[in-house]
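Order as written gives the chain letters A, B, C, D and E; numbering starts at 1 within each chain.
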Amino acid sequence: MIIEGKQKIWADYQKDIPDDHYFYVRSCIRQAFWPGSEVTFLDITRNKLGKDFYENAYHTTCGGIAYHSDTIPQETAMTIIARQFALMKESGYENYVCSCITSFGCYTETLETWHEYPELEAKIRQYLWDSCKKEFAKPKYLAHASDIIYKFRFEIAKQMKFPLVNVKTGKPLKVVEHIGCHYSKMFPSKGFGGAEYPHVLVGMIEAWGGEVVDYPERRHCCGFGFRQYFVQANRGYSESNTHKKFESMEPYEPDLIITNCPGCPYFLDRWQYVIAEQTGKTYGKNGYGIPALTYEEVAGLVMGYDPWDLGLQMHQVAIEPLLEKMGIPYDPKRKYQGLNGKDLGQPMCPSCIKSV
Amino acid sequence: MEFGFCLSPSSHVKMDTIDLTTFNRLKETNPDVNTCIACGSCTATCTAGNFTEMSFRQLLLMLQRGKEDEAKKMIQRCMLCGKCTLVCPRGINIRKILLDITR
Amino acid sequence: MNQYIFHPFVLPFVLGMAFVLTYCVVGLLRIIGQLPKDDRKKFWRSLVTPKTAWANIRDLFGDCLFHVKIWKRNPVLGYMHSAIAFGWFMIIVIGHVMLFTLKPLEGVDVQGFARTFTNFYYPIFYKHFATETPTFAFLMDFFLLMIISGILIAVVKKIYSKIVGVKRITKFGFADNMIRFALWTIFPFRLIAEKSNIMAFWWLYSIDLMIFMCMLPFTRYMHIPTEALFILLRHAGLKPREPRKGYALAQIYSCPSCGLCIDACPMSVNDKNSGNTSAYFMKKLRNANDEEAKRIAETCMQCGKCVAVCPVSIESCDIKMSQREATPYTINSDHSYLDSISTEVEKSPSVLYFAGCMTQLTPKIMRSMKKIMDAAGENYEFLDKDGGICCGRPMMLSGKKAEARAMIEKNTELIKKSGAKKLVLSCPICYKVFKEEYNLEGIEIQHHTQYIEELIKCGKIYVERRDTKYVYHDPCELGRAFGIYDEPRYVVHSVGQIVDAKSEKELSICCGGSLGSFNLTQQERDEITANSVNDLMFNNPDEIVTACPLCLKTFSKKSPVKVKDIAEIVGEQIENC
Amino acid sequence: MKENILIIGGGAAGMEAATQLKKLGLNPIIVEKSDKLGGHIAQWDRLFPAFHPAKDVVEQMLNNVKDIDVRLNTEVTDIQRNSDGFKATLSNNDTIDAKAVILATGFDLFKAERKQEYGYGIYNNVMTSLELERFFRTGKDDRINNPKKIGFVHCVGARDVKVGNTYCSKVCCTTALKQACEMKEVFPDAEVYTFYMDLRMFGPGYEDLYLKTQKDFDVKCIRGRVCEVSEDMDGRLVIKAEDTLFGKPLKMTLDVLILMCSMEKAKSIDKIQQQLGVANNSDGFMQNKDMYLGMNDSKQDGVFVAGTCTAPKSLPDTIGEARSVAVEVFNYINNR
Amino acid sequence: MEYRFKGHLVEELYKDYRIKEGMKACMNCGVCTAVCPAAEFYKYNPKNIINIVARKNEQDLEDLLKSDTIWYCGECMSCVTRCPRANAPGLVIMSLRKLSMKSGLYMLSEKGRQQYVVVKDLCSNILNYGYCVYPRTFAYETHKEYGPVGKWINDNLDDLHARMGSNLDGDGPGGLRKIPKESLDQLKNIFDVTGATELMEQVLGDAHNEAVKENLTDEEYFMKVYTENDWEKHLNH
C-alpha cells in the first residue's frame, strides 16, 4: 500500500463546507436505533465546537427509504425533499446538513436531476405549491453530518481524552471504516475522498490516533438493500453481504468498525449476532465480535463522553472490550439503567456471541 | 433461534480455488480448447440447442470456471451431430472434444 | 523289418509343423468358442445351407487359391501372389500325390504311427530319400521355379513397389521382416538342396521351414490358415461384436498386411496419416496395442474404401466400430427432453422430406428439393423445417449405439405420425441409419437421388438438358455403402454431360468432411479434400456434383469450380424450362 | 530550394517526416523537448505482432536523421505567422523561420492513477504497460518477483466516459497480447490472464498473434472489464470482474496487474496549437480536415499534422502518415 | 393480458427520468455485475437488465417486469460508480419496478408481491408518523435479528429513549418527536398530488384481491408474503 497515492486522491476530492449556521435534518433509522448519536452530534457541534445547528420541528422523513424500496414515485420523494428545503429557507438557513446517508444520496440525486432536467424541477415546484403551499428553494450547501465532523476532526482531536490507541500496547487501534453506499458512489465528487478511497472516516480515524484497515471488501455494501431487509424472506441477502465483509476483514483483526450511515452499524452489528447464532462463527477476539459504531459514538468516546450516554448499550456486540483497550472508564451498573438509575432489567445473553 | 432466512452461497467464480482437472486433461489431448473466441456459432447451430440450453461455448467456459457438474449435465443433451465443428471459425474439433469430455 | 525314412534334418520342420497345427486347432476352437451363441448357431447352419455352402466353396477356391481379387487389382501383383501361394500349394499337393504313386518305396515298409510321422515330412523332403518320376519331376520343378519367380517379383516390389501399381507398402517390424526373409529363402534352399543334395542346404531348408512355421502365428502369414475360416464365418453373415474376439479375431488373423488399403485410404494423402490405415489398425489389434487401435479406430473416416479394395474382404470398418463401442464412457447421454417435443401434424403428406442436420447447413439443397417437389406436384411436408432431431448416425459413429436410440425412436414416432408413405432424405449419413436402424415398416425410404430419378423417369418433372460438363462424386455412405451409383448418374446425365473422375464408384475418394472421424484436424481434412477434388477434376469438368450436403460443404471450400448438389442442378434446370 | 520546415516532436512521426522531407530537398528542423529522439517507441522493447525489437526500428530511424537539424531539450515557446511563413521562438531563445510547420507531437500515456479503482500508485503491484516494457528492456522491476499469476487490464483510460475518453486507443489490445506472451516467456509457470471487452486485432498478423497467445502461450483471455482491485494481507491483488461470456461475477488473486493505458493527445503542445489555430476534436486529439484525404491537413494554411497527435495509431500507421505528410508539405511548398 | 396496464410498456418506461438518466448505451463490459452485491447472491445480472431495456422489445420487457429478477437489486448504486458508459443500472431498476407496480405485473412474481409488505409498512409509517422507520411499529417478533438487545430496547422503549435524550412523541424538536399534524397533512397532500397515494392504494388493493382469492385474511396474506421464500430458485450458483 502506497499511502501517498491515496493522499493525492484525497487532496483531489475535497469540498467546501461552510463554517457555521446549519439546518439540521434527522435520520429515521438513527433516531430509532442510535438516538445517542444524533444527541452527541448536536452536543459536540453546538456545545463543544460552538456551532449553530438549527432543527425545525416540522421536518419529516425525506422519504428516501420508501423511495429506494420503490414504494413511492420519484416525484413524491422529490416533493418531500422540496418541502424540507422550503422549511430550511423559511427558517432562514441555506446550509443543509442531513444526518442520514440515504437522505444525502436522495438530496444529491434530486438536486442533480433538477439541474439536468429543469422541466422536472418546475413540475416539483408546482407539486410543492399544490400540496403544501410552500415556496420552492434549494440549499446553497448540502452536507452530510459526517462531513461536519470530518471538517472539525482536528478541533475534536484537540479536546480528545482517549485516542484510538490500545492503552495496554500503546499501538493504534485497527479501525475499519465503512462508508454508506449513497454517500459518494452515485456522485463521487460529493464526498470527501471520492468514491474509491473515501476520506471522510479515514480522516477522523487518523486524526484521532487510529490505524485504518484497508481490506479487499472495504468498499462493499453492508447489504441493507432496503426491500432486501424489510421483508423477512429477503434478509439472507443482507446477512450474506455483511458476512462477506467480515470474512474479508477478519484476517486483519480489526478492533473497531466506524460507519457514517444509519443502517450500516445496525447491520454490521446485528448480523454478527445472527451469523454467530446460525453458524457459530464470531469475529474479533475472544468471541465478542467487532463493535460497529457510528462516527459520533467514536467521537464521543475519544472526547470522553460516558459510553452509556452515547447509547453504546443499544449495540448487540459488547462494547466493553473496546472500552478496556482504549482505557475508558465505565460503570457496568449504569449500562442497563434508565433515567435516574431506573432499573430496566437486562437483555438475555445470546447463545453464541459473548456478552459481558 | 429461527430467523426465517439464512446465508446465501456466493455466485462468484473463485478463480483461486476452482478445480480445473477436467479442463486440463482435455487441454492435453485437445490444445484447441484454448482457442475458442466465443463467437457463439456452435451454439447458434446446435441441434440439441434448438430444444435445450445446450451450448458448447458455455460448456467450455463451465469447465474453465470449475462448474464441472453443470457441464456434465449439459453435455448429456448433445447429439454429436457435428454441426458445431463444421461452423467453428477457429476450426476447433468440437465433436472430438465433446466426446472426450464424456470419457 | 520296419525301416524309417529318416534323417535328423527333418526334425526342425516336423517340430515347426506340429507347432503350427496345434496352434491353428487351438485358435480355431478359441474363435468358435468366443462367438456369441446365436452367431455360432448361424455359423453351423451356414455350413449346411446350400447357398452359403456354394459361396464358401467358390470363395475358398477363388480367394484362397486363385487370388482372383488380387488379379483383378493388378495382374503383376496377382501373379506374384499366386506364384508363391498357388505354386506352394501345388508342390504340396503334387508331393502328396507322388507319395502315393511312389509307394511302396524300395525296401521300406512304414506302418502305423511311423507312417503318419513319415508322411509329415516325406513329401517335403522326398528328393533326399527317393528319385521321382520324370513327369513329377517336371511338375515339381515347374512350380518351384514359378514360386521363385514370384519371390523375385516380391523382392523387386520391396525395393520398387510401383512395379505392382502400389505406392506404399506396409512397413513391418522385426518379426514380419524375419519371416518374410525366411519365406523368400525356403524355395531357393530347396532348389539348391534338391539339385546339389548338399546336406547343409537340406538343413537350411528344414530350419527355414521351422522358422516360418513357428513365427507364422505371430505374423501376418497367419492369414494363410485363417482366411479359410474367415470366409466361412463371413458367409454366415456375422458381424464383429468385440474388437479382438471371435469373428473379429478371425479377421485380424486373416489380414495379410498386404497394404493395398494404404494407398486406397484417403488419409494417406498425408504420409503421417498412412499409419492410420486399416493395415496398421489390424496390426495394432493383433499386437494387442489397444491404445493405438483405439486411436486409429477413432481417426478413421469410415468411408469404407479399404473394405472395397481389400483382397481378403476384411471388414475393417466394422471392426473399428466395434472398437469404438468397446470404449467406456463416464457420462451417458440424456435425451429425455425429446419426449416433450410435440408430434402433432397439421397435414397428412404422402411424401415426407427429412433434410437432416447437415442439410440444415446447406439450405440451397432444401430450397431445390422444395422446388422439385412443387414442380412434381407432390403432396409433401418438410419434417424438420424448424430444425429437427439428429438421425442418430453421428452418435452411432461414436460407438454409442444405445444412446442413439432415443433420437431414432423420436424420429420414428414423428415420421409414423405424419402418415406419409415415402420418406425422402438428402443426406446419405441419415440414409444409412434410416435404412439400417429404423423400423419404418410400410414407408419407403429414398435418398433424393433415387427420388429425383424416379420423378424424371415417370415424367413427373421435366429437366432441360444443358451443355455443362459435370463430374459426379459418389458419397461414401451412398455409393460404397448401398451401391447407389446409377441413379445419380442417370439424373446428372438428364441435366448435362457427365465426365468421369479419376476414381469412381467404389473407388471414389472421401471428401474429407466425414463425421466418421473424430481425430482428424481441420488441416488434415483439408488435405484430403484437396486430393479428392484433384481426382474429380481429372477430366476438367465445369462443375462438381455430389449428393451429400457434407460433401457439398466440404468441397465448396477447396474446389476450383462450382460444387452443387444433385438436387440443385435439377432445380436449376426446372427453372429454365 | 532549401526551405525550412519546422517539425515539432522527434518521435517516430517527426523523424520519419524529416527523413522524407530531406530526400525531397527541403530543410526539416526537428524540435524535441526531451533529451533524445525516438519518442515513446524508444521506450518499447519489442513490437507487435512479430516481437520485432523496437531498437532496430528506432536505430534505423535515428540513422536516417543523422544529417538533419535536431534541437533537443528544446520546446517551441511561441510561434507567429508572418508573410513568409512562421517564426518560431524556442525555449533556448533561438528563432526559426519556417515555411511550414508539422505537428508531430504524439501522445501522452493515460495517467493510470486517474482510474482510481485499479489502485495504480496505491497498491504496490499494479503497473502500466509502459513500465512493463521497461521491465522487458532492463529485466528489473521491484513489482515483478517471479509472479505466479499475472493479469492484464485492457481499455484503461479508453472507452470510458468516467475518465473522459470515449475512444478506443487502438493498439492496447495487441500490445496486451504481445506483453502477455512475453510474460509467459519470462515466467513459463505463471498463469496469465487478460481482461478485455473486445479484442481489436485490426492489422496483418495480429489475429495470428491472438491465436498464438491462446494456443501456444496458454494465455487466458477473459471477456470482462476489471471492476476493482484491492490488496490482501499478503500484498497480493484481489480483482473482481464479470466473466461476461459466462455471465457470472469472478474473483481472483493476482501477483501483478498490468494496466494497458490508453493514448491521450500530448498536453504540452496546447499553447502552440492554440497560437496556430489548430482545434481539437471532442476526443481531445487534434482535428484534421478529414480522415480520408485530408488526414495531414490541420485546416490552417501551412500547418500539418502527423502521427498520434490526431488519434491513437500504431507504429506502421504513424510512419505511413509521416511519409504522407512529407509529400503534402512538398506539394504545399511547390505550389506557393 | 391479465394486468391492468393497457398502454405500451416500452414507451411508458422511457418516460421515466431515471431511464433518461440511467440508460445510455451498454458495451457489456460487466463491471456492474462484478461489483453488484445482488449478482453475488441472487440470479441477477444488471448488465442483462440494461440489455433487455435497451432492446425496447415489448414482450421481453413484459417478461422482465413479471419476473423476480428486477426485485433482487438492493439499490446500493455501486454499479453507478463504475460504469464506463455512465449508465445507472440501479436507476433503471427503480423505473422498472415502478412500471411493474403500475402495470400490475409485479403480482406475478414472488419477490414482486413483497411490495405489499414494503408499501404497507413504509407508507403507513410516513403518513401516520412522518418517519420511514418508527420504533413503535418495529416489532421484535418480526425482526428476530434485532437480537436480545433489540428485544430489551423494545421492552423499555420509553425509558430508554428518555434516558438517551430522545423526545419520543414529544412536541418541538428532537429525536422521535411527534411530527406536527400540519406536517403529516402536508405529507398526505404530497402523496395525493404526486401519485403515491394512487400507487399505494393499487398495491393494497391488489394484495386484498389476492388474499381473497387465496382465502386468507389481509393479515395472513401479509405474513405469507413476508415470509414466503423459494430460496433455491433465487440463488445463482
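We adopt the following convention: a residue touches a chain if its C-beta (ideal position, glycine included) is under 8 Å from a C-beta of that chain, and two chains touch if they have at least 3 such contacts.
Note that the structure is predicted; figures quoted are calculated from it, not measured.
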Those chains which touch chain C and also touch chain A: B
Chains contacting each of chain A and chain D, listed by label: B, E
Of all other chains, the one whose Cα centre sits farthest from chain A: C
Chain whose averaged C-alpha position falls nearest the assembly-wide average: B
Between chain D and chain C, distance of the C-alpha-averaged centres to the nearest whole Å: 64
Distance between the centres, which are taken as Cα means, of chain E and chain A, whole angstrom: 22
Separation of mean Cα positions, chain E and chain C [Å, integer]: 74
Gap in Å, rounded to a whole number, between the CA centres of chain C and chain B: 38
Per-residue overlap in chain E, given as positions that touch at least 2 other chains: 39-42, 81, 145, 227, 229, 231, 236
Per-residue multi-chain contacts in chain B, two or more chains: 1, 3-6, 8, 10-12
Interchain contacts, given as pairs of chains that touch: A-B, A-D, A-E, B-C, B-D, B-E, D-E
Parts of chain A lying in touch with chain E, wherever the complex brings them together: 26, 28-32, 35-36, 38-39, 55-61, 63-66, 68-76, 78-80, 83, 105, 113, 116-117, 120, 127-128, 130-132, 181-182, 185-186, 188, 195-196, 219-221, 223-228, 230-241, 244, 270-271, 273-274, 311, 313-316, 336-339, 342, 344-350, 355
Residues on chain D engaged by chain A in the complex (per definition of touch): 113, 116-117, 119-124, 228, 230-233, 235, 238
Chain B residues touching chain A - in the complex, by the definition given at the top: 1, 3-8, 10
Of all residues in chain E, those that touch chain A in their complex: 16-18, 20-21, 37-38, 40-42, 71-78, 80-81, 88, 94, 97-98, 101, 111, 114-115, 117-119, 121-123, 125-126, 130-135, 138, 142-143, 145-153, 155-156, 159-166, 171-177, 179-180, 182-184, 186-187, 189-196, 199-200, 203, 225-229, 231
Residue ranges of chain A in contact with chain D within the complex: 1-2, 4-6, 8-9, 194-197, 214-219, 251-252
